[in-house]
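Going in written order, the chains are labelled A, B, C, D, E, F, G and H, and every chain counts its residues from 1.
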Amino acid sequence: GFAKLDHNRSLRQGFPEVVYCEGKTVEQVAAIMEKLAQVHNNILGTRADADKFAAVQKVLPDAVYHKNSRLIFVERKPLPKDDKRYIAVVTAGTSDLPISEEAALTAEIMGNQVERVYDVGVAGIHRLFDKLDLIRNANVVIVVAGMEGALASVVGGLVERPVIAVPTSVGYGANFQGLSALLGMLNSCSAGVAVVNIDNGFGAGRMASIINHMR
Amino acid sequence: GFAKLDHNRSLRQGFPEVVYCEGKTVEQVAAIMEKLAQVHNNILGTRADADKFAAVQKVLPDAVYHKNSRLIFVERKPLPKDDKRYIAVVTAGTSDLPISEEAALTAEIMGNQVERVYDVGVAGIHRLFDKLDLIRNANVVIVVAGMEGALASVVGGLVERPVIAVPTSVGYGANFQGLSALLGMLNSCSAGVAVVNIDNGFGAGRMASIINHMR
Amino acid sequence: GFAKLDHNRSLRQGFPEVVYCEGKTVEQVAAIMEKLAQVHNNILGTRADADKFAAVQKVLPDAVYHKNSRLIFVERKPLPKDDKRYIAVVTAGTSDLPISEEAALTAEIMGNQVERVYDVGVAGIHRLFDKLDLIRNANVVIVVAGMEGALASVVGGLVERPVIAVPTSVGYGANFQGLSALLGMLNSCSAGVAVVNIDNGFGAGRMASIINHMR
Amino acid sequence: GFAKLDHNRSLRQGFPEVVYCEGKTVEQVAAIMEKLAQVHNNILGTRADADKFAAVQKVLPDAVYHKNSRLIFVERKPLPKDDKRYIAVVTAGTSDLPISEEAALTAEIMGNQVERVYDVGVAGIHRLFDKLDLIRNANVVIVVAGMEGALASVVGGLVERPVIAVPTSVGYGANFQGLSALLGMLNSCSAGVAVVNIDNGFGAGRMASIINHMR
Amino acid sequence: GFAKLDHNRSLRQGFPEVVYCEGKTVEQVAAIMEKLAQVHNNILGTRADADKFAAVQKVLPDAVYHKNSRLIFVERKPLPKDDKRYIAVVTAGTSDLPISEEAALTAEIMGNQVERVYDVGVAGIHRLFDKLDLIRNANVVIVVAGMEGALASVVGGLVERPVIAVPTSVGYGANFQGLSALLGMLNSCSAGVAVVNIDNGFGAGRMASIINHMR
Amino acid sequence: GFAKLDHNRSLRQGFPEVVYCEGKTVEQVAAIMEKLAQVHNNILGTRADADKFAAVQKVLPDAVYHKNSRLIFVERKPLPKDDKRYIAVVTAGTSDLPISEEAALTAEIMGNQVERVYDVGVAGIHRLFDKLDLIRNANVVIVVAGMEGALASVVGGLVERPVIAVPTSVGYGANFQGLSALLGMLNSCSAGVAVVNIDNGFGAGRMASIINHMR
Amino acid sequence: GFAKLDHNRSLRQGFPEVVYCEGKTVEQVAAIMEKLAQVHNNILGTRADADKFAAVQKVLPDAVYHKNSRLIFVERKPLPKDDKRYIAVVTAGTSDLPISEEAALTAEIMGNQVERVYDVGVAGIHRLFDKLDLIRNANVVIVVAGMEGALASVVGGLVERPVIAVPTSVGYGANFQGLSALLGMLNSCSAGVAVVNIDNGFGAGRMASIINHMR
Amino acid sequence: GFAKLDHNRSLRQGFPEVVYCEGKTVEQVAAIMEKLAQVHNNILGTRADADKFAAVQKVLPDAVYHKNSRLIFVERKPLPKDDKRYIAVVTAGTSDLPISEEAALTAEIMGNQVERVYDVGVAGIHRLFDKLDLIRNANVVIVVAGMEGALASVVGGLVERPVIAVPTSVGYGANFQGLSALLGMLNSCSAGVAVVNIDNGFGAGRMASIINHMR
C-alpha cells in the first residue's frame, strides 16, 4: 500500500529503483527491498542505518551492508563490466571516503570498472600529479571533496572527460554543512564539470554509470 | 601582459579557452579574442554586451553576435557533426530562451547536432509528452528551467540518457535569482541528473558536448 | 494560568484550538488538553512525542496516538462527512508519509472524506497518471513532497481544483531541511497552488478542510 | 516557434494561459498575446512594462494597461460574477497597492466580485476592526502585506474562510526583498492561511478565484 | 586566571556582570559565580544546565535554579521595587514561556515590578484586548513571541511606551530557529519597537530594567 | 480612498502617523501629507526622493527637505524640549551620516534635545574616549554603525543608559547590505542594547524619543 | 565637523587613515582628503568614482586616479622599498584585475616591492607552475580569485610564506556576489591562508604590507 | 591505502601535515598518526574526540590529549622558540577558551612563545586597556571572539602588528553558529586584520607561526 514500486524503471534506465532509506520506517525499508528483490537481481538501498539493514537481512539473507557508506546491496547476478572503460573516483581527503565509496560501490553494482584515487586534495597537489595518468585515462571522472571543494576545478582543468563533482559536508564553521564545497563546484572555472547534491555519492555513481555505458 | 592564454587547452579539451567577458574591459576582450583567433579557427566569448562585441568586430570582422544569449562567435572552420547523435535542449518557458540558446549555440559550435524543444514546462505537461520521442532519442539531454525547475526531474525520470540541468534566474520573489531552480535541480529525485551554475548555458553546452563526443 | 484557551475558536472556525505540543512541558500539554476536552468533543494535539501522549492518556484515557505523525486525537463525536466531496492527499515518496498522514488525519477529524494517493513522485511520472482520475475528481488537493517538491507543479497543471502544497524536510544536503521543496512550491509555474510551512501537514489539512466545507 | 501555447488550459482550468512577460522580448510578448487573442475572449499578461504594452496595443488595440500593477488586459466578453460571493482583498499599507490591485484585477477578470479593504495594517489595528464585517462576510480573503506581514495572522484568526496571503517586497533592510513577510506568513500561528510567492498578486487572485467558483 | 571579572560593572550599570554559562565548563561556572558572590549581593547566571547548577550550589548553597528558563539566582539582598512602574511581559504562546520567564525573572532580580500577560498570541486577538489596560498601564513592555512574531507589531501599535521585542525559536520549518520572528520584529511597521537576539529573554529584561529605572 | 490615516495615533503615541514614502506614488505621498497637515501641526515623511518632495511642496509650501536623509518635514509648532535630558546620536563613520541624521532629526522634531557625536568608529577608539562624558551624560544613546557594527557593543559597555543600535548598510562584500552590522548588534555581548532595522534611523529616533519622554 | 581624522594612526600603524569614499558625498571626500594632505605626504582613497576624484583633484592637483581599481593616490614622498622582500600578487583571471591592482597599488604606496602574477587560475594549472619560483620566493603572497576561489588553496599548499586570500565578486549565479569564493577560501584545506572581505584588495595590500615590514 | 601522507610538507612548510580527525574512523586516525610519527618528531591531530585519542595512545603511548581543545599532540623534540618574539592570543570570553587554547597550543608546538590574554571582551573594555602593553609588544596577535566578534576590530585599531581573527561559534540565536562573528571580522573597519574559519584555532595558530618565523 504505502509504496508504488517503479518496476519498469529498470527497463527505462537500466537499473531498478534505488531505495532511499532515510525517513522510512524499518518495516517499510524491509518490505520495499523484499518486493524489489522478487523482480530484480541486483538492488540497492542508500543512507541506511544498521537497524534497517538488520531488518532487510531477515528477509533477504544475502543482503550486504557497507557500513561507512550506509549502503545495502543485493547483487545476485553481477552486471558485466567493460574493463577498458573505467570510472575514476578521485577523493580529496580521508574524511570524504564514506561518500566516495558510496559513489564507487554504486558505479560497480551498476556494471562499471572503478579506479579509486584517494587523498589527493589540493593542499599537497603533487599527490594528484602522481596519479594523473590514471585519472586522464578514465572514461568518466568523479571528484569527491569537502571543505572548499577546489579539487573539482583542478581536475576539471586537467582531463578531457566529463567530471561529476560531489561536494561533501566534511568541514566545519563556514562550510555550512557542505555549502562551501557545493558553491565552489558550481562556480568552477573549469568547464566540463557538473555537480550533484551535497554528499550524494549515489547520484554521482549513477550519473557516471549512465555516461560510461554510452556508445 | 594581463592575460595568459591557455592555448594548449584545445589540445587537452578539444576546444580553445572560451572568453568570459564579464568584468573585463572592452579593450581586454578585444585583445584576448584577437590573440585567440590567431591560433584557433573557432572561438567563443560569453556574457558579452553590445559594446564589447563592437570592439571585437573591429579586430575580427567575421565575428558574429547572438544578442539575447550575449555570445560572440568566430567560426571559420565549423567542426564536423555526427547527425545520429544529437543533443536535445529542452526549455521550460519562453523566458528561459536566452539561456537555452546559449547552451544550444555552444554545443553547435563545438561540433554537435542540436534539437531544440521549447516551452514544455510542467504547468502544461502534455506539451512535454508530445515531444517525448524527440527527447528520448537524444544522446544527451540539457534541461533549462527557471522558477521551480521541476522540468529537470520530470525529464530525468523519462529518459535513460544523461541529463544536464541548467537552473535559470527567471522568476521573482522567493526564486532569489535562480536559487529555487538550483536547489530544486540539485535535490532531484531522479538520478541521472547533474547540475551547472545558475544561467550557465555555456557550461551545460560544453558538458553535453564532451559527453556527446565520447565513443 | 499559563494558557488562555481560545474556546470560542470552535464557533469562529468550526474546530477548537489545536494544541501545538512542541516547546510545552509534559504537564502543560496534559493540562491544556484536559481543559479543552471538558468543553469540546473532538480535540487534536500536533507534534507530540510519546511522553506527552502518555501524560495525556492518563487524564484522557480515550486519547489516541498516531506515532509517525505525532498526533494526539480525542474524537468523541465524529463530525459528519460529505462523501461526494473528498480531499485527495497526494504524496511524492514513502519518506513523506508522516507528514501526509498528518494532513489526512487532520482533514478526517475535521469532518472530511479523504483519498490517499501515495508514492507518485515525478521520478516515475506514469504512477501519477495511473491515479489521475482519482486526483482530478477531488474537491481539494493536498500535495506533499520533499526534495525538489516538483510534484506540486505537475499536479497543479493537471487539476482545476485548489492545490495546497506541503513541502517536507525529506532529503539531505542542499535541501537545507526543506528549503528546496519550499522554494520550489512557492515558485510554481502552475497557478492555483498555495503553500504552507515545511512539514506542516496539519496546516494543509486545516486549510483543505475549510475550503472543502464551502458551499 | 518559440512558444507552445497551452490553449486547452482554459478547458482544464477555466481561464487561458496567462503570459508572464518578464524575460520575454517585446516581440515575443506581442506575438504570444496576439495568438492567444485569436482563440480566447479574455487574456491577461503579468509583470509587463510600458514598452511591452505598447507593442501589444499595436496588434490588439483593445488591450488595456494597469500601469502600477503592470498588467495587460484584453477583456472582450467579461465573465459573469456571482455578487453574493465576493473576494475581500485586504491590504496592509498604501505601498502594497500595486500588488493588491494585481490580485484584485486578476480575480475580477476571472469572474469574481471583489471588495477592497485598504490600509488596515496592524500598526493601527482599529482600522481593521472598523472593516471586520466586510471581511468576515467574504467568501475568500486575500491578505497583502509587506514588512513583517503580521496582518495575515491577525485576519486569519478572525475569519472562518480561507485566507490567501501575499507577502510583498515592501520594506527595506532586514526585509530582504520580502523574505520577512514571506517567512512571517508561512509561520502564521493562525491555521487556514496559505501563502503564494512574494509579490505574486496574480497567483493569489487566481487561487482565490478557483476557490470562489467551487460549489 | 581564565576569567577577568568586571566587578565595577555594577557601579557602571547597576548590576554585576551576568554569567553566560554556555560554553564554559562546570568548574569555570562555579568558580566565577563564587568569586562574584564574594563581592556582590545578587548575582545571575544564564543558559545554565542542571549540572552547572549542581556545581554552583556546592559553593553557593543559597543559589536557586529556574529550570525551564535555565537561570541561576543568588539573591541575598533583594533590590527595592517601585510598584507604581511595572514592566509588562506579554507572551504569545505557552511554548514561549521559558524565554518570557527568563525576561521576567531577570527584570525582578534587577529591582522591577513585573506583570505577566500570557498566551495572548494574535491567532485569537480578543485575548489580547481583554488585557489591554494592564498592558497600556505598564511603564515598559516586553513582547515575547515565536513563529511569525506578529504580536510585537500589534502591541507596538496599541501602547505609547517602549516595546522590547524578543523573538523566540519556537516553531519549525521555515521559522529557521527563530529567524522568522526576528525578521518580523525588525521590520515592524509599528515604531517604538526595538529588538534583542533570538531567545534572549535576559537581554530584554535587562534593557527593560534600565529604562524602567530612568527618572 | 487609498489611505486610511491613523489620526488618533497622535493621541495614542504623541506624534501623528509618519509617512513611509517608498513604494507610494508621487501623488499618493502628496495627498497623504496634505491630509495629515490639516489635522496635525508637525508631520514627517521618510525615505522620500526629490520628486516626492517637489509634489509635497506644491501642496504644503512650508515643507522642508533633508536630502541626504530623505526626510520631509512640516514643523509648524515645534514641540518643547527638555534641554537637561538629551539624546546622544553616536556615529561610527562619515558614510553613516545620512542614517544618523535621520535619527537625530526625527528625535528633534519629536521634541528632544540631541547631541551629535560623529566619526568615532572603533578603528581609532581614542576618538570615542575623547567624547565619553558627552555620551555618558546622555539620557538615551543611539549608536549608528555599518560594517561590523562593533561600536554598539563598545558604547553599550561604557554607559548605564539604554542604547538603541542602528545597523547601516554601509560596507561591501560580506556585509551583505547591512547584515553583518545587524547580526553584530543583535549578538552584542553588552546588555542594555536593543536593535532596529538596518538603516532605520527613523525607528531609532522614535524609540529614543519615547524613552526620553518617560518620567 | 563631520569627520574626526585619526591623524596619529600613521604613528600607530605607519600609514595615515585611508579614506573609504563610498557613502560619502563628493564634498566630504574632497574635504577629508584635503585635510589629510595637510599633515601627511602620502594618502589614499578607496572605492572612489570619477566624480569624487574630480572634486579631489580640484583641491589636490597632484592627486592620481586609478580608474579600474577606483583608487585615489597622493604620493609626494614615496616610501622606501626593500627590493629583496617582495609581495607576490597572484591573480586567477583577467576579470579579477581591478581588485588585484587595488591590492598591488596599496602595497606599493605603503612601501613594498610588488611582483604581479596574472591569469594563473586553476582551470589551466600549468600556467601557475610556470611562475612557481617567482611565487615561492616572495616574502608574502596575496591571492586574488573569484568564482570558486580555488587558487588560494593551491597556492597555500605550495608556498611556505603567509598567504592573504582575497575573494572577488567575479562570477554569477550561485557565486552570490562573491560568497562562493569567500567560503571556499575560509574553508581552505591549506593552512597558512587568512582571508579578507570580498573585493577588499586594499585590506589585503595593507595586511601584506604590515607583514612584509616585520623584522 | 586510504591515506597518502604528505610527508614533504614539513620540508615545504616547516611542520608535517596536521591530521584533521573529524570524519575519519578511529582506526584511520590511529594509523595515520602512527605513520606520521615514524617520520616526524612532532605531530598534531585536530578536532579529535576521546575515543580517537584512546586509539592513538595505544600505538603512540607518548601522545598527549588536550581535551577542551580536542588536540592530540606528540612532541618528541620540541622546536626552539625565540622568546623575544611572542604571539599574543587575545580572547574575548571564557567560553571562547577551547578555541583560543587550540590556537595557542598549535603555535607553541610549532615553535613559538605565546602570551595569553584572556577575558577581555569589549563589554568591559577597560580590561583590554589593562593589558595593552602586552598586546602591543607582541610580534603577531591572534584575536578569538564569538558573539559579535567586535574585539578584533578594537584590537586591530590599537596595534601595528598583523592581527589574525578567529570567529567562534559561541553565542546563540542570530549568531547562527558563528556567522555573526565571522561577518563582523571580515567587515572590520580596522585594516591589518585577516580572518580564518569559524572555530579554526588551529588555522590561526599555524598562520601566526608562519608570520612569526619570518625574518
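The definition used in the following text is that a residue touches a chain if its C-beta (ideal position, glycine included) is under 8 Å from a C-beta of that chain, and two chains touch if they have at least 3 such contacts.
Every value quoted in this text rests on a predicted model; they were computed, and no experiment measured them.
J.: The F-H interface: which of B-C, A-B or C-E repeats it, judged by over half of the contact pairs being the same residue numbers?
T.: B-C
J.: Centroid of subunit G to centroid of subunit H, CA atoms only: how many Å?
T.: About 26 Å, centre to centre.
J.: How many angstrom lie between the centres of subunit B and subunit E, each centre taken as the mean Cα position?
T.: Centre-to-centre distance between subunit B and subunit E: 56 Å.
J.: How many Å are there between the centre of subunit A and the centre of subunit H, using C-alpha atoms for each centre?
T.: Roughly 35 Å, centre to centre.
J.: On a C-alpha centroid basis, what's the spacing between subunit A and subunit D, in Å?
T.: Centre-to-centre distance between subunit A and subunit D: 45 Å.
J.: Two or more other chains touching the same residue: where does that happen in subunit E?
T.: 93, 123-124, 158, 173-175, 179, 182, 186-187, 189, 191, 197-198 - these are the residues of subunit E that touch more than one other chain.
J.: If you go through all the chains, which pairs of them touch?
T.: A-B, A-C, A-G, A-H, B-C, B-D, B-G, C-D, C-E, D-E, D-F, E-F, E-H, F-G, F-H, G-H
J.: Could you pull out which subunit H residues touch subunit A in their complex?
T.: Going through subunit H, the ones touching subunit A are 1-4, 6, 8-9, 17, 20, 22-25, 28, 32, 47, 167, 169, 177-179, 182, 197-200.
J.: Which residues of subunit A touch subunit B once you look at their complex with the stated criterion?
T.: It comes out as residues 12-14, 18, 139, 158-162, 164, 182, 186-187, 191-198, 202-204, 206-207, 210-211, 214-215.
J.: Would you tell me which residues of subunit H are touching subunit F in their complex?
T.: 92-93, 121-125, 147-150, 153-154, 156-158, 171, 173-176, 179-181, 183-191
J.: For the complex, give me every residue of subunit G touching subunit B.
T.: Per the stated touch rule, the residues are 68, 93-98, 118-120, 123-124, 126-127, 146, 170, 172-175.
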